[in-house]
Amino acid sequence: MVSPVQTISRQVGVETYAQILQFYAQHVQLLDGGFAEEWAEQFTEDGVFTQNVKPEPKRGRAAIAAGMRRGVDRIAASGVTRRHWFGMVVADRLPDESVRTRYYALVFETPRGGRASVYLSTTGEDVLVRQDDRWLIRSRLVTHDGTTDPAGAGAQS
Amino acid sequence: MVSPVQTISRQVGVETYAQILQFYAQHVQLLDGGFAEEWAEQFTEDGVFTQNVKPEPKRGRAAIAAGMRRGVDRIAASGVTRRHWFGMVVADRLPDESVRTRYYALVFETPRGGRASVYLSTTGEDVLVRQDDRWLIRSRLVTHDGTTDPAGAGAQS
Amino acid sequence: MVSPVQTISRQVGVETYAQILQFYAQHVQLLDGGFAEEWAEQFTEDGVFTQNVKPEPKRGRAAIAAGMRRGVDRIAASGVTRRHWFGMVVADRLPDESVRTRYYALVFETPRGGRASVYLSTTGEDVLVRQDDRWLIRSRLVTHDGTTDPAGAGAQS
């Protein structure tokens, strides 16, 4: 892992940072609201969605939408409400004017009639591009906590 | 539920967005700090506070304050510390210059001498108005997760 | 506790507020990534880090770094991944142009191969100063929920 401190000089400005926070807020509300196709529209047409717990990446908006539609339907059928929280967003400008974000994402779930709990803790790394006054995700890597060595262990090796 | 994507063109600007994030931060700190009356001052005089798990809305700042005072005292007497987290805030400008927000809200609690846990996951929808250089809540609807059909199920029907 | 409402007139502007949110995002990513020394670089040389559950404050960047290095190594050895979330940040300008923040901080943890959970809920109060185009922490007080009287109880006395 590259130290976040090394990238302070490339931090995006306040306007872009606030746009990205709003973008992620809409993004998770679409997902948790069951709008898998509109959620996938927030990726570029050739976007790539990688999860470290899956055998291979989803490539392209159509594949990303189809995969998430199955997930959303399965969750809905189970009667559980899931809420994704993206936070602790660090956003750096890359040389080609795209933006790389590194963030945490938590998933909370509440069963019908039951109590809320933490379901999952992850980290995310996106490359975002600006097209037609919108942000779009060109690539995303999600890594589930508990599936790799703790970061602290890695940092010392 | 209306798709959040349909409202991108009405998103508030960065200045307003940051103001609203700060407003909510103060709002939850007042509440969790036991300042029920000052928390209620963040509603308009005729503000309406609706929770889907309550038989009817609280109407007017005085009723909102009185209801929350009872809640705050009950929690304090139990020795539990509660922390409200508002997040994933989407904020759209309405035609009359008020702002509609849709957000998630989590409540964490820690018993005296005990371990923290998630108590509740909800969604909120506010209408905020600007008066005398402050934001005020004209109306709020809070919906508890687990008390309605999962959003994904609703989106498909 | 001073009511947060009394300080609205001293709120920092949007530019500073967004900088501080980004600063905290980098801060927690450094910590959870195991970069204890670079994390400590975000304190001033003479910074003071106080936790209400520790017998005395850590004084100075070197002591802060050494203390956190021990903590980070211990966590890494246990195989647990921790994630700190700072949120609900209220930021006020002090007369000397430093900034006082009051915020909530949660810690989530995930054991290797296990499920995520809430580990800790706290509140923080920092004094931040601007040096050479960076924010630095001059002092921090962290108070663990569950170790003091609930705030509501205190507010009424």
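Note that the chains are named A, B and C in the order they appear, and that numbering of residues resets to 1 at the start of each chain.
Operating definition for what follows: a contact is a pair of C-beta atoms (placed from the backbone, for glycine too) under 8 Å apart; a residue touches a chain by one contact, two chains touch by 3 or more.
In this text the structure is predicted, and so the values were computed from the model without any measurement.
**Q** What's the rotation angle, in degrees and to the nearest 5, for a C-alpha fit of chain A onto chain C?
**A** 120
**Q** Over half of interface residue numbers shared between chain A and chain B means same, under half means different, so which is it?
**A** Under half of the interface numbering overlaps between copies: different.
**Q** As a quick test, compute the distance in whole Å between the mean CA positions of chain A and chain B.
**A** Their C-alpha centroids are separated by 24 Å.
**Q** Can you list every residue of chain C that touches 2 or more other chains, as numbers and ranges?
**A** Answer for chain C, listing residues that touch two or more other chains: 14, 18, 87, 117-118.
**Q** Which residues of chain A touch chain C in their complex?
**A** So the residues of chain A touching chain C come out as 1, 3-5, 8, 11, 14, 17-18, 87-91, 102-104, 106, 117-121, 123, 145-147, 150-156.
**Q** Mind listing the chain C positions that touch chain A in their complex?
**A** 14-15, 18-19, 21-22, 24-26, 28-30, 32-35, 38, 41, 72-73, 75-77, 79-81, 83-87, 108-118, 134
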